[in-house]
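In what follows, subunit A forms one complex with subunit B and a second complex with subunit C.
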Partner chain A sequence: MARRAQPLTAAPGIGAAGFLAALILGTLATVAWRAEAGVGLTVADWAALRFTVVQAGLSALLSVGLAVFVARALARLRFAGRRALIALLGVPFILPVIVAVLGLLQVFGRGGWISDLLGLWGLPPVRIYGLHGVVLAHVFLNLPLATRLILQGWQEVPAERFRLAAQLRFGPWAMFRLIEAPMLRQVVPGALAVVFAICLSSFAVALTLGGGPRATTIELAIYQSFRFEFNLGRAALLSGMQIALTATAAMVALRLARGTGFDGGMDRPLQRWDGRSATARAIDAAWIGLAAAFLILPLAAIATSGLAHLPGLPQLVWRAAAVSLAVAGVSMVLSLMIALPMAGAVALGRHGLIEVAGMLGLAASPLVIGTGLFILLRPFADPAAMALPVTALVNAVMALPFALRILVPRAREVVERHGRLALSLGMGRWAFLRLVFLPAMRAQISFAAGLAMALSMGDLGVIALFAGAETATLPLEIYRLMGAYRMDAAAGGALLLLVLSVGCFWVLDRGGRWHAEA
Partner chain B sequence: MKHLAFAAGIFGATAAFGQAPELTVYTYDSFVAEWGPGPQVEAAFEEECGCDLKLVGVEDGAALLARVRLEGEHTNADVVLGLDNNLTAAAGETGLFVPHGVTADLDLPVAWDDPVFLPYDWGWFAFVHDKTFDAPTSLKALADSDATILIQDPRSSTPGLGLLMWVRAAYGDDAPAIWEGLADNIVTVTKGWSEAYGLFLEGEADMVLSYTTSPAYHLIAEADDSKTTAVFDEGHYLQIEVAAKLATTDQPELADAFLRFMISDRFQAIIPTTNWMYPAVMPEGGLPDGFDTLAKLGKSLLLTSEEAAALRDQALAEWRAALSH
Partner chain C sequence: MLKLENCVIDNGGFRLAADFTVERGRIIAVLGPSGEGKTTLLEAIAGFQPVIRGTISWRGPEITALDPGARPVAMLFQDGNLFPHLTAARNVALGLRPNLRLTPAEWQTVEAALTRVGLAGMGGRKPAALSGGQRARVALARLMVQRRDILALDEPFAALGPALKAEMLALVAELARESGATVLMVSHAPEDARSVADEVIFVSDGRAQPPVKTADLFANPPAALRAYLGQG
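This part shows the complex of A and B:
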């Protein structure tokens, strides 16, 4: 069969996917080759595996469990600021983990607000280190995501159903049994799986709030055998464990997180007649208030304590901020250079290899890629000199699944809508790319760029593995300040990081939409 | 062409400026802290050497060794300062360090003749607590008590490794049982000494693993006599902190000069009131006032460096197993 003429070529996309697959599978193979099979897993390794699964399970159950109520309240209650609150739920996605941890420490830590409050009644302060601290931070970071996923489920229930339910005078129980429960049955497993998979590869949270062998995730154990003992064999062995775990979880999550199956309504504006009693409204308001307080208080804590210490920040912090900006910039460009050709190739109908490569990105763990790259590159170069380039590359790979999700649908649309016309005009591939494809994708490209840059800004993962004493990104510098008990400077640095992350995202995202057609 | 000459002039000047040789010393965080020995040591050595001494705070001793192994022959370090007697055998095996050739009359509680690793201070590990706290009187009693403690990870920190060897030296093969008992006393295990001590000062636990000399810091630097150390019946484990020259150094003479300076009176006089340890060579002025108030210990425990190296992996596995329940 003759191949149809195309306005673009898929070759660069296939090349990019090949590069990605080679990077991920190559580092994996290196790790497997280096792993000391004879060593076997010790009691402590099993404990790390158990802790990883237990904390991820608890985090998923709690995040999603709470999210069901918060999402229900948000779906039923209309109030001023509802839109802003839902938008705010998107912030933790680009919130640097170290900033979240510092904020949580200021609210829930021993010297924090909650402990101070408890002290007024003579109660002992709360402890945040260990399993409950790790779970608390994960719930903080994932409750918004879970709420959005479930809220989406609620919003996909056709308006006609609510109308019918109101006409039939459904009580709360009937409402739950006939409308809410079937929807939740479809949405909740996917949300659970997604949060579980995210928490499995938790590193920064366990690094800062975990403590000792009792609260060590596998990712943290990889870091420890690397940085504390320089035992590459053990690091590799643990990496193998981590990959098996995340790959399985990612597969399950992808399978479960499919769209819901309500038959379409007529897309009329959603109007709700249930949940109008005073009690129901009060309960909804309480859920929303609690969730908002839980999410906003730690951020407010960072803003207030950080602001005072921003002017007096040590030179080191500013230098680290500049390093972070550069790394995030490079990472963003790399991410687009891989994602754009891939999106183009998918739009041309070449899914197979590309989607497999994109999938690999979901299952890959940054510390595993980092370990593999380290083993590969060490004979040739100074590890400290590789720290920043490797961090930029790994961060780009980590942002890739998100970038693809943003770029692919639009790329398909553009090729479908303008492809044939371009061909009939005899437009060359380069001209199509320059005059049609890229301009039409501007909003999506800048959204993906903003996301990639913000994620890289806040990342504390592979940099901790490689960084020499004199190179640090801002998140790592904040972590070091925390370790040295310079909490004031750490808080100031955290506010700076927060502003930079959100700022990068906002500027890029807005910049792209300026004068854009869509 | 003026601007060219100008530019050349600038470059010439920076090149000349950069000609002062640089000696890079990797050490632990608390050594380079503002209140640590770092700033004074740097000023004092730079007066003598006509060089630029760069003290780089890496991590606590054990992770410091891992760092140097990780960097291997690419490392920028000329000298590593902050390993201890439990690590010297393992460090020696890496072949990364070379003999110092310095002869010194050391005032250590034990004989020391290691040709590669040169001591600069020493102390006894001990748990520090508030005087108001009724502390247990032995490791065993501590394990049986419900006192809360903060310790350091033996894989990254020399005090953490010291406690591992302390329990081993005192209880031999019964060490795992002691660790089982200690597991529920431990609030958290930190990466380094600074984190644990910081958490203790914030009130996170009753006691913290540190040194018998730590209360001197509060007494002398802060005029606060509220801190003391628990004296344990089993005896206290000794730490001797050492430095060594790297084989890959591009400044071997400067590195030797630094090691000689390290055991000179000037450096040693800085140690007691900045690193809060006993000096390896007693300075002329003796110990500062306040050190006489510190705990007097009946019995020292010590494993040889070879014993410590041989026991390390097994002791570590036992420790991790006991604490991961």
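This part shows the complex of A and C:
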């Protein structure tokens, strides 16, 4: 069999995948090695496992259950601002969790808008801490993603089918049975699995809204046993549990999930003839109104309360913002340095090893990697001094699955479309990379870069594990302000973080699409 | 001359046998029904399909195992012959220096080639700002500066209208006569072969027949060609 000539080389991609696998498996092995034998699972550990699964299950059911109705309404109702609302559905994905939590507290919290409203009738304020707070935050963060996934299902129903349905005068029931239900059967399991998998490794939400023996996720338990008890054995055991759980869920999600929710074209209006009765329109409008209010109110709360406190922000917050920008920038570069060669190698047909490494990225837990790196680095350096580099690295790994999903399809296309021409011109690998591959991938690279930077910017995870008192990223600083009941400064910081995250994403993504050719 | 000796080309399970010689400087049309291996034959000569048996040689030395870029072949594909993000001039320049590091004299060669194909002054445009015919001309300008001995054309003008296509084929023939290049062009249309080709290679039933003089072939078509042409 003759060797197939290739315009690129897969070696750097295989190297990157190897590095990734070594990082994830190496830290896991380190943690496992430190785990003392004979330590069994305590009652608290079982409670953490149960709580993790229960909250993730509830969050998935509620997010997807509501999304079914919101997506249907968005799919068939035409209204001014529909395009903007669908674009807004993409925001929670890059929204820093701590900002979402602060916004939710201002709306649903003890001293929040809803409680004030209830107080007018002499009703007691709502309580947001505990299971329902965690689920509320997860629904807030994942309802938009679930809606986008199901909306994509609606968009994939061929237009001819709606025409046929109109001609045969399908009523709402026939419409559901013959068109909607089959579509949902394909889309819903994947959406459930994706949201469930995301909520399993929830840390920041549980840290801020959960806690206590009855509302602790495994990730939070790892953090506590590491940070407060310095019980590495227990942290290791919990890490093993977490990895088994997320790996299983990630595998199921990958098997079931079809779209990514990032794809364009969702705001394309589709001609429909059903759902045009006044009642149907009113119900659709109500769903859209409720969903929009649920998404927009917390963000508006942050914007209004934050704006007032932005000028008087403590110096600490500004310094933390600068630190966050630097960490996010480094993390973005690292993420691309791993993802781009891997995408190139997959495009050349090296699936096996690369996809396994990508899977590991999806199943990896930031706190497990953090714990492992802590153990490995402690003999050589002060872990607190390593807090920022480690955070950048772990954030890069966490952004990787998304970066790969964005980069791989385009990389395949570029190699398929231009590879032969480059070869017939005798273009070397460097020339192909410089003149064809990178320029043609520019839009995707900057999209992935924006996503990686925004995700890192808003991450409150491994930094909490490592940071000494004097270093902090912006999310951690906000968390500390919340802990010190300085809610005004926290709100101002949250607005700053929101602007920085969304701003970084917007600038990078827009910059990349500037004058990009197909 | 281009020599294929007892070649068997494997295209993912489909096999094509070829055993023939093409004289230097000839313009050859490769004719035959769809899906019978015309593209496979050209791709094997250009180095994109593995030859599992036999050898390909050009003027003596064997080229069977060479990388596509190292062969004396320049190929135009059915589509995607230009990089959409590079200007016309840079697309042509790739034919001279695939790393785009050209001397001023070489840039002048590029400009001259563009002028020769009727695109003077349009070097700064990107493919999206050119018409289909102009894009084909850019690709031909690149073929010119590549100065390869063999030009393999896999219906690069299929998307153009009949008049434009005939014009492009005439231009190819003209350029080839100037440079003395050998041309192998895939075609579906017998009139293309009649208008520009000296000889025809007929591909059918997993076999590429040796080239036959165009006039002779159409004067006395074999059964398979008659069936293809619809002459019963």
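The working rule: the second predicted complex is superposed on the first by the 503 of 518 C-alpha atoms of A that agree within 3 Å, B and C clash if a C-alpha of one lies under 4 Å from a C-alpha of the other, contacts with A are read in each partner's own complex, and residues count from 1 in each chain.
The rule is short, and it goes like this: a residue touches a chain if its C-beta (ideal position, glycine included) is under 8 Å from a C-beta of that chain, and two chains touch if they have at least 3 such contacts.
Bear in mind that the values here come from a model prediction, so they are computed numbers and not experimental data.
Asks: For A:127, using the defined touch cut-off, is the partner it touches subunit B, subunit C, both, or neither? Pick first, second, both or neither.
Replies: After superposing on A, A:127 lies in contact with subunit B but is clear of subunit C.
Asks: Applying the touch criterion given at the start, work out whether A:483 contacts subunit B, subunit C, both or neither, answering first, second, both or neither.
Replies: first
Asks: Which chain, subunit B or subunit C, is in touch with more residues of subunit A?
Replies: Counted on subunit A, the partner with more touching residues turns out to be B.
Asks: Of the two partner chains, subunit B (first) and subunit C (second), which one does A:111 touch, if any: first, second, both, or neither?
Replies: In the superposition, A:111 touches subunit B alone.
Asks: Could you tell me if A:420 is touching subunit B, subunit C, both of them or neither one (first, second, both, neither)?
Replies: Once the two structures are laid over each other on A, A:420 reaches subunit C alone.
Asks: Now for A:293: first (subunit B), second (subunit C), both, or neither, which partner does it touch?
Replies: neither
Asks: Can you tell me which positions in subunit C touch subunit A when the two form their complex?
Replies: 46-48, 50-52, 65, 67-70, 73-75, 77, 80-81, 83-86, 94-95, 98-100, 126, 128, 146
Asks: Can you name the residues of subunit A that touch subunit B in the complex?
Replies: Residue positions touching the partner: 42-44, 47-48, 51, 110-111, 127, 129-130, 211-214, 216, 224, 226-230, 378, 381-385, 468-470, 483-485.
Asks: In their shared complex, at which residues does subunit B touch subunit A?
Replies: 26, 29, 33, 56-59, 62-63, 65-67, 69-72, 74, 76, 153, 155-156, 186-192, 194-195, 198, 201-204, 317, 319-321, 323-325
Asks: Show me the residue ranges of subunit A that touch subunit C in the complex, using the header's touch definition.
Replies: Residues 1-2, 4-5, 417-418, 420-428, 430-431, 434-436, 439-440, 516-518.
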